[in-house]
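In structure tokens below, several structures.
One chain, chain A, links the two complexes that follow: it is found with chain B in the first and with chain C in the second.
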Partner chain A sequence: MIKLSRLLTGSALIASIFMSTALFAQEPVKGGTLVIGSTQKPRHLNPAVQSGIATAVPGAQIFATPLRFDAEWNPQPYLAESWKVSDDGKSITLQLRAGAKFHDGKPITSRDVAFSVKTVKENHPFKTMFAPVSSVDTPDDLTAIINFESAHPAALLAMSSALLPILPEHIYGDGQDPKSHPANNNTVGSGPFMLSEFKPGEHIILKKNPDYFIDGQPYLDRIIIKNYKDVTSLVLATDKGEVDMAPFMTSTRDLARLKKNDDLEITNKGYAAVGPVNWLAFNTKHDILKDKKVRQAIAYAIDRDFIVNALHGGFSSPVTGPIVSGSPFAAPDVNTYALDLDKANALLDEAGYPVGDDGTRFTLKLDYIPGFAEMQKTVAEYLRPQLKKAGINVELRASPDFPTWAKRVGGHDFDMSMDIVFNWGDPVIGVHRTYLCNNIRPGVIWSNTQSYCNEKVDALLEQAGVETDKAKRAEFYRQAQALIVDDAPLAFINELPYHTIYNKKVGNAPVTIWGTMAPLDDVYKAQ
Partner chain B sequence: MLLLTVLRRLLYSAILVVAVLVLNFLLIHLAPGDPADVIAGEMGGATQEILDSIRKTYGLDQPLYVQLWVYLKNAATGDLGQSYFYNVPVLDLIISRTGATLLLVFTALGFAIVTGTFLGVLASYKPTGLISNLVTVLSVVGYAAPIFWTGIMLIILFASVLPIFPISNMYDVTKDVGPIGHVMDVLHHLVLPAFTLGIVYLAQYSRLTRASMLEILGSDYIRTARAKGVSERQIYARHALRNAILPIITIAGLQFGSIVSGAVLVETVFNWPGLGTLAFDSILARDYPTILGILFFSAVIVIMANLITDLLYRFADPRIGAQK
Partner chain C sequence: MTIAETPHMEPRPEHPAAQAWRVFRTRPAALFGLLLLVVIGVVSIIGPSVYAVDPFEIVWAPLTAPFQTPTAPLGTDYLGRDILAGLIIGGRATLLVGLTAALITVSIGIFIGAFSGYYQGWVDDVFMRITEFFQVLPPLLFAMVLVTLFSPSLVVIALSIGIVSWPATARLARAEFMRIRGLEYVSAGRSIGARNGRLIWRVILPNALAPLIVSATLTIGIAILFEAGLSFLGLSDPNVMSWGLMIGGGRQYILDAWWVVTLPGVMIFMTVLGVSLVGDGLNDAFNPKLRDR
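What follows is the complex of A and B.
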């Protein structure tokens, strides 16, 4: 009897292991529609002339890029089946797949690659991606050689996700301005999905590309990206099962709520390349804030643990420097400015700002981006009483909408401001811009709006930008970050808690460094 | 004579439309930040060259009076410009959204007039009775509750407690249901937004009908009709209601503008893809041509509605035409 029960238990155990293995090893299912919910409304669908999440998610489905990246930052073949970086790093040779076609049936050639590099170089807002490109050679239809004036290690990453969409020259090469080209709303690419319908502000319907250059993919028949007016309605729709996937969710209260839904999975993977940093920016030209000690004192007065655990419910994580922790160039050993109010007060005393009769040393205005309450307004509101502990009186200045805030901070009309800035994969693309002396450009948001300038930092960033040895490059970035963190033009607060919520029926959820900004050709939906 | 009146009204209307355009053009440019800032924001940053090129493309580098002049000149030829944000002709954008707004507004208005009048007449039967009191309470609540609040309450109710009506969008894009199924789907989605928009006006119209009916039912000609032995049904339907409905027509026509602006709120709450949602998004995006185009369009709609009200009024009360 005992034996029988053991046998039964053992069988049940084996059966359950077998079943769970079978579930994990489920064959991708072909067909079906994936509904992605989003509050981001794209202007158009051409990522060659428009960065940002809203265009990148559909853009990465419609347009193929030469390369793609896995979850460990390794480049993988995509439209280019192989690539070779020259020894001096000054050229990259791409070997394109034979037989790859655009959605209109025309073949993709190296001339389309050359045309796309030129278009992106001239029109994309991230100038640094292809600024060093001197020429693109096309010795034959399937070989493109991109030449650089100097070594440009960021180029490989800049050829992935939606950053270098291969445009059909026969459509975009008609002499019209690519930024306002009519084809931007009626796109023809070569990615796994083709545009079926684009209703601006409402939805995008993508259908399977039957001639996709990767055999057997994509698995899905359709992807529908539905626009929601705000996070609340998107969360309601996700909870009700109206959408299969909701990427870029940051609302921690909603994340906690959706976590309780048994039909849903929640992951924070898929955002390593985006690298979104929430920080407090200082106007270093301000009479008081020009003193490094004052800025450091403010950084010491902030309790990041309280922000990430209490204000963000444990969903976000502290960030200590310009480059996020998921990047190979992160520098975890910099000064973390752990909460130390005594040190903050001492630094302010040293800086010559004693506590006055009213208990304060001075008053500073604090701006924040409207519309991202938990990351911006809530943290700003927390900073007011918190900095008071160091004798700093903070006045919050609300902006009614984004353009108002952008005008103030872009125009350097601020003392301190909460801000969110993305790393965009390689530091050359998204990090250098905040710190380079020659990028102090009044009127341009997310340039060096802090007016920070340190020639040593400039030199290190410049060296890192052209260094082809990964370890040496990381060392340059480590040194630059140590200097930046010490100079404190910003107080680094937290990484944005971007999460993808998806139905458990969804298989192969996008978790590479670009998440949903990469082709969803291997994603499937169990029936 | 009628033609002359209509022509005169049309001329006034044209002047009004130009005034609306100029005023709005100046107002929208007072708001800080311009479309280039918004586009740069969407892009996650941009260089000075990109910002300059965006401003140049859309003529934003020109002095304001030049921009206004170019806009008015183009608008006169029916060219409302290109949306900065969506990168398509504004007219196409507006046309694609007008149907949704008109469907919402007319359904709400129809619901409010028919139900409001019916409830008003019902209440006037016994002015101190239970039904009358109920109608009064309903009116006060309906009138006092802000549209967005009613909308949000309905969303909460129908999202989780009683999930029988969709709470967002105009139709379910994920369903492939054929033309008749699509119409039914749209009507299903229309219930909550139309109810939310209509309830405020329903409250007003029921109050107005009740008061108007009570006044008319006490007048001499009704007493005469009763003395002649006309049935109560005839008195209510033919003699009293026909006169009592005049103020409803006037008010409904005059309120058309406010219903359209109410639709902006309702559309935003329910993500109804009409002109209201477009206007809301365009203001946030500083998409000047789209905002101006929508204002131009809604000004024309409101003016036309007032014109039609005038004509309807003449039809309902032949004395107005005869006086001229």
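What follows is the complex of A and C.
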């Protein structure tokens, strides 16, 4: 029955794809240049040692990865023709495509895969991606067997997008530190496009890889990633048609304005794996905030509908738990802390903080990330009068620049702070870090800066991390999320309104879970 | 025969301030400037108790245009806060920063200028090199660095503006002191044993005050513009409503909601205009050539 239903949804999907192609587009057009506008400026182009959008977008074009993911979270063959997870989940066997070559013409072998896993494990900031890897066996040139100390279901996702770029060992294996390797600015990968010119802060020009291992692709001749100094100039350039595609746009006033431009399409698809969450973090070691009731009261006092609809023009969406709704591990049935000021006031009374003569119970400082006004400063400014309704006096503490904020929050020198943290596809990569007791690491931003510790949550997350059965895994995550939401180390607010704006001429716009952080080998541009 | 002696009465010399006012009041522009400042001052001081709306309170839908709802007669900002309430109370912080910064500017300026101009020699050399050092720094950039270093609060902003804008006043004060120290009444004072401190603060300073008052007045206007500029760049105290904060926060909505930035901008414009007109009037009033006409 399960198989049958899958078959049915599968065929429905295929039918819908055919229909949409029939409706919108003709045959993919070959040739042409796609200009992508971005305000994100990479320092280098090697995603094996660097996280973040700026490196991932060009990185996913230059470097092929073993797998790629479709829009429904299903792994698809890419550099690996097929893959097999052992029954105990402790090893994954990758069968590489025969005849795939690096941009310099050298063949890709399983030894390059082994080398890349090792490099990423040792250097990438997302330590949890390959931490359980014990060894990589290379029985022949095209077979790589990755062995884990314990089952590691997150590994499949960690082999997609820009997370496991297959590096040429004959270039990176020369003993130099991969974080500062000269080849990071002069990359040799095996993806659909190869580096033509990299001017940091200005542009990245990628040209078609003529020997790409997927026949007939990529369709485009060139991709130019053009840097803009701020969102305003990028928006103006997009409006004028200077750029064909602008991913990761969040400014809702600009989105509303660009929506009126008939030449442009606008979509929020392509960000499911990023899972960007805007939240209010509590320092659970703070004298007042260490009381769970106070934190719950604050969560109840926040009107997410107002934030999403009035402040963000309906472009963002509310978040109610650690894992975003687009993920298969989301738990929509946990307590959502729907606005309830009476309950907030009652909880604060219970916690022993009566309203004083001046109409307030206590004062808390509130930090926010500078330079991201709509998601951070504006919401912080909203919280000030809003929390006053529950008798909480909020004092905003502005940070002049990002390092100042990061130092305050990373150093646990804060009461409450607005913060933005990404899910990064698998919860093991982007979610566990916020809640594990052993990830309370002063000085490290986006670790467990809330100093939250619940051993039950730790145990559940650990079980979920090694569970290979997807349904059981989802259940562990559901239980963990219920506990976390009840403990309220964070008040979840909204998902960032990431949108891709693109010209209607662009065909097959990237809408998989990784969006533009996946190979754009099937994107084309109508003439 | 009795000779009716009518003693020759020396007319009591008119007080300099009264003389100045006599000229000042003949300048319509100056009077208009004064009126503007008085109105703005009165509204800032007693306005908030008459129109008692919390400027941080969210009262209506965000970005409502003016004259759409009686709840927020002049519209709302990006959060739905009442613009009118912000305009009324925002003057307090803006004027306070302007006045404080001007006071700091004039204090530092007079101190440095007085010593330089009076003692000359190596004192002058040292003080003038310091002054030049501050003068060659781009003032807005320097103020931004200071505010960034010490977190944006009203005190820091006022201090920063004061610290970057005193060199001009110092130069002016120095020139006045150099001129006056050679005049006869100063030599007379010295000959009857007046010490340097007395000569500087009691003899020369009162006579150098006229141009310094004009310069101080204009400094208030410059300081207010500075505060607005810093706010526009996002460097303002988020916990105190000021016109600058309104402009800084509303800046990114300017294409969709003109009133969010324009209304506080008009208030700043009116204040600075008032200050400049009064400054001009004072300049005329203290000008001895114009006084006796």
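Quick note on the criterion: the second predicted complex is superposed on the first by the 503 of 527 C-alpha atoms of A that agree within 3 Å, B and C clash if a C-alpha of one lies under 4 Å from a C-alpha of the other, contacts with A are read in each partner's own complex, and residues count from 1 in each chain.
Rule of thumb we're sticking to: a contact is a pair of C-beta atoms (placed from the backbone, for glycine too) under 8 Å apart; a residue touches a chain by one contact, two chains touch by 3 or more.
For clarity, every value in this text was computed on a predicted model and none was experimentally measured.
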With the two complexes overlaid on their shared chain, look at chain A and say whether chain B and chain C clash or fit. fit
Touch test for A:D401: chain B only (first), chain C only (second), both, or neither? both
Looking at A:R384 after the superposition, I want to know if it touches chain B, chain C, both of them or none. Which is it: first, second, both, neither? second
Applying the touch criterion given at the start, work out whether A:G52 contacts chain B, chain C, both or neither, answering first, second, both or neither. first
Under the stated touch criterion, name the partner, chain B or chain C, that contacts more residues in chain A. B
Return first, second, both or neither, reflecting whether A:G175 touches chain B, chain C, both chains, or no partner chain. neither
Given the touch rule stated above, what does A:L311 touch, chain B (first), chain C (second), both, or neither? second
Classify the contacts of A:R253 with the two partner chains as first (chain B alone), second (chain C alone), both, or neither. second
Of the partners chain B and chain C, which touch A:P210 in the superposed model: first, second, both, neither? neither
Which partner does A:A373 contact after superposing on A: first (chain B), second (chain C), both, neither? second
Just the number, please: smallest Cα separation between chain B and chain C in the overlaid arrangement, in Å. 6
Footprint overlap on chain A, where chain B in one structure and chain C in the other make contact: 401
For the complex, which residues does chain A have touching chain C? 232, 251, 253, 257, 310-311, 370, 373-374, 377-378, 380-382, 384-386, 395-401
Inside the complex, what are the residues of chain C that reach chain A? 54, 56-58, 61-62, 78-81, 147-149, 151-152, 234-235, 237-239, 249, 252-253, 255-256
Which residues of chain A touch chain B in the complex? 33, 35, 41, 43-44, 50-54, 123, 125-127, 177, 179-180, 184-185, 199-203, 205, 224, 226-229, 233, 236-237, 240, 242, 401-404, 406-408, 410, 421-422, 424, 430, 433, 441, 443-447
Parts of chain B lying in touch with chain A, wherever the complex brings them together: 31-34, 37-51, 53-54, 57, 82, 85-88, 93, 96, 155, 159, 163, 167-169, 173-174, 268, 271, 273, 277-278, 281, 283-284, 286
